[in-house]
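Heads up, there are several structures right after this.
What follows is chain A paired twice: with chain B in the first complex and chain C in the second.
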Partner chain A sequence: MHSTGYCQALEKAAQIEVPPRARFIRTIILELERIHSHLLWLGIAGHIIGFDTVLMQVWRIREPVMWLAEQITGNRKLYGMNIVGGVRRDIPKELHPKIIEVMDKVEKETIAVLNAVVDDTTLRMRLEGVGVVPNKDAIALAILGPSARGSGVAVDVRVDHPYAAYAEVGVNVVVETGEDIWARTVVRIKETLESVRIVRDALAMMPEGPIEAKIDEPIPPGLVACSSVEAPRGETHHFVITSDEPRPYRWKARAPTFQNLQAVPLSIMEETIADVPITVGSFDPCFSCTERVEAVDVRTGELKVYTKRELEQLSRAKTKLLRGE
Partner chain B sequence: MRIPQSEKELTFWERIYFPEVFRGLAITAKHFVVNMIRHTLRLLGFKNVPKGAVTYQYPEEIRPISTRLRTMHRLARRADGSPRCVACMMCETVCPASCIYIVAGEHPDPNIEKVPIRFDIDLGKCIFCGYCVEACPEDAIRMDTGIYNFAAYTREGMVLTLEELLAHEPAPYVSVPTQDKAPDPGPLAKSQPVSAPASA
Partner chain C sequence: MNRALGIGLLNLVLVLALSPLLEGIIRKLKAFVHSRIGPPLYQPYLDLFKLLGKEEIDSETNVLFRWSPIIAFAAVMLVALLTPIGLVPPMNGAGEVIVFVYLITVSGVMIMASGIGSASPFAIVGSSREMMMILTVEPILAIALITAGVKAGSMRFSDILAYQMSHPYSLSMGIVTFALFLAVLAQLAKLPFDIVEAETEIMEGPFIEQSGPRLALFKWSFFAKELIFASILAAIFLPWPRVEASVLAVVVTLLKVVVILLLVGVIDSVNPRLRIDQAIRFYFSMIFVALVGLAFALVGS
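So, the complex of A and B:
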């Protein structure tokens, strides 16, 4: 996903035409990544609130997607699929039935999860009305991706500024107006189903042809370009200035997590501390190992640092309390 | 704190409780019996029976890996056993993680310009992108050993030396012992580098 952003920026700068087949392959890989990322999030959300059945079942559904990625790209994660001007590996004809098979299975099981989750009172009790980001605040804070779409803001780079093969395949943006964690959850599950649809369509529409552009001359220095990619968490921007060396003079990537975290103070206001982990988690943040919270009691000025473990225990205890156990 | 909303209205069938309990038990029992029968049949040698549970009993049972999977590196050898690598430094240059260290030396054969004296790959740094395989003009470095479970107690232990790299053999991809497919003796791995550039 980041490599697509970087390659697209360079291609835009040097005006390299990417062959259609490469664009379709990029789309398929991006959507496979979205499927497994959303399923991963759903599992972790279940784990945070102490509903580990969701974690087990969803990660079981996710695993074939990883194996598929391994067969196409050679790695479960960190695909290394893109090069400037195209992609490195083709998706051979023999893999098409396999991809369709996995997609059918993922779709069937994700629908089963969706139905189970919708009927589950425990999940709804924990997630409905919690971590609310009102529509106008979502726009004002410019939050991105599924977090914004859960608050009724229909932002999606795939539609607003189509790249790869999204213009041909088309994307139905999933928007929920619930504004709470429940809405974000539903957006992610439905988006998984939409991604399955996109992979299928892209596979069917994929034209024959070369998978990389022929680049004869080195990319000239001093060219500037910016590109946007819809990552599973929101839009990612890559900015590149080329140089006369074989590396960029300047490169800046902006990932969506920082933007999304701006909505956290607002959404945890007036909530119990037990709701903080799932609220922060509902933005699908990627902040390596900063899972701790400082809580200040305003009456006494007392400071308490909650570790990840303590927070998790608080959160799980609340689920038990609500269920009356 | 938010008050939980009203729960779903239960039907009469659900409210008398016992039928639903037995339905749940029946689902669990079904999974158990089906898995047991399948596992037993497979143990008795019926290989075309579908697998029971989704779990792979790692490390006894190894999941069949894709032929494209990028695994631990190896250096291809010439007929006389010397490395095919000519120490051109292409892989060292292209490596985004800078995990390859090469020291070049003279080769006794005048037709071959250079040979690596040292060729270290720091697996602790390697990101398994496979660029080195693509960059190699001699097709000397490959990532098709099928070894992916490596660990060490020290950082130094993660460094692969020239001798280790040369000693690695390509994976017999299709003949993993407990795999569903029949073993297939194939020089497939030898003739095809894993992530060969699918050229236009």
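So, the complex of A and C:
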């Protein structure tokens, strides 16, 4: 997902045309990632409110998706599928029936989970009317992904700025207006089903052809581009400046958690301790995405945590050094 | 006298030695619902054995913190002597019902004391939750047992058991049995009412700083309570099949205990945890239900 963002930014900068087959393969991989990520979240959400049966059953449903990713890419997670100008591996014909089979199974079981949680009154007692992010605040704080779509904000990069093969396969954006944790849960479960649909359609529509563009010349330095990808948690932006070395001069990624966490203080206000873990969890936070940098001096074993200010100063000093000032 | 001593020893052995196995059965059932293989049936024994062999760590040398597990365990052992497990309970003095309620409350209060005695804010939150639970759940237990006592015209378990043998089941008993079963879920800290411990919210609450042998005593007293409460339900509130107090009755009661605990285990695995305010509201309505049962008993139905 991040690799797609980075590759797309570079391709945009250097105006590299990605072959259609590669764009479809990227779409399939991105949606497989969304399926596994949403199911992972659902399991953890169950665990947070003490509902371990949800955790165990949902992760059992998720396991074939990981297995499938390994069949296609060689890895269960962090697929390493993208290269600038295309993808590293093709999806051979022999794998298609397996993909369809896993998708059918995941769809059937996810629908069963959806029906089970919709009918569970105790579960809804815990999730409805809790962790509310009103629609206007969701827009004002610019929260993203399923967290925003649960508050009735229909933002989705896949539709707003189509990339990969999303323009061809189309995306039905799932929006719920409940504004609470329950709405965010329903959005994620329904999005899983939509992702299954996209994987199936993309597989059926996938054209023949090469899987990577021919890049004869090195990418020229000084090109600037920004690309957005709809990650499972929301939109992710990648900004790249190319250099004359075989690496970027500047690269900046912004993960959606950075934005989504802004809604936490608002939504846990006047709530009890019991509701705080599930409210924070309902934004599917990736704390490592917002963490500071920690450095260990190997010789002395000394630990240093860099603050935001120190990091800024270091970055500015480095920029000055590079500019030769 | 010797007979009472024998039954007393039997009760203690059953409660101490058998209760971890029952916990093992519940864990296996939960694993089955989760599509897991689960730990072996004897895992709770290993847990206790391991904890009992650890050194004692005093993070806080507080009297409450130090003695609460021991007093809780002792209280539960005394309760075991009052519990009818197929036979007439050994401590056959006057007003056992009242003593039973008091001693069970002692074990709850000791959980609270353990939390107050430790320095962690999570423990304090857990203690305040335990206090609220005691205040709403204990009355249901008391009302249910008093209802049984009113029916039999005596506060002795032996008289109540004898009455159950010879009289048909009544409406009032049905009502209080329902309320008591739900109260037992909270007494055993099972979902949806494991609010006091709430691992993912307040990290085991009052037990957060307990470790080693003292934690083992708390855990063991919880295992013991499972057997005790299930036995009370089986012997007094669900008296079928009616077997005269004998060795056969012990076996029958234990089988019923397993069935009741399996039911508790199923409820435990198909529910999320409620919030304390939701649980309290729920148990307040249950107190009302139990009082209706008592009222029926008082008018003789």
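Please note the rule applied: the second predicted complex is superposed on the first by the 287 of 325 C-alpha atoms of A that agree within 3 Å, B and C clash if a C-alpha of one lies under 4 Å from a C-alpha of the other, contacts with A are read in each partner's own complex, and residues count from 1 in each chain.
Criterion: a contact is a pair of C-beta atoms (placed from the backbone, for glycine too) under 8 Å apart; a residue touches a chain by one contact, two chains touch by 3 or more.
Only a predicted model underlies this, so the values are computations on that prediction, with no experimental measurement involved.
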| query | Between chain B and chain C, positioned on chain A by superposition, is the outcome a clash or a fit? | reply | fit
| query | Taking the superposition as given, does A:V296 touch the first partner, chain B, the second, chain C, both, or neither? | reply | neither
| request: Go through the superposed model and pick first if A:G46 touches only chain B, second if only chain C, both, or neither. | output: second
| request: Answer with first, second, both or neither: which of chain B and chain C does A:L123 touch in the superposed model? | output: second
| request: Classify the contacts of A:Q57 with the two partner chains as first (chain B alone), second (chain C alone), both, or neither. | output: second
| message | Contacts for A:T272 in the overlay, against chain B (first) and chain C (second): which applies, first, second, both or neither? | response | both
| Distance of closest approach, chain C and chain B, by C-alpha atoms in Å | 6
| remark: Dual-contact residues of chain A (chain B, chain C) 60, 125, 272
| chain A to chain B touching residues, read off their complex | 19, 60, 63, 67, 70-75, 78, 80, 86, 88-90, 119, 121, 124-125, 128-130, 210-212, 214, 272, 322
| Where on chain C is chain A touching in the complex? | 30, 33-36, 125, 191-192, 194-195, 198-202, 269-278
| task | Please give the residue numbers of chain A that touch chain C in the complex, ascending. | result | 46-57, 60, 120, 122-123, 125-126, 272-277
| note | Within their complex, chain B touches chain A through residues 1-2, 4-5, 7-8, 54, 63, 65-66, 68-70, 127-131, 134, 194-195, 197-200
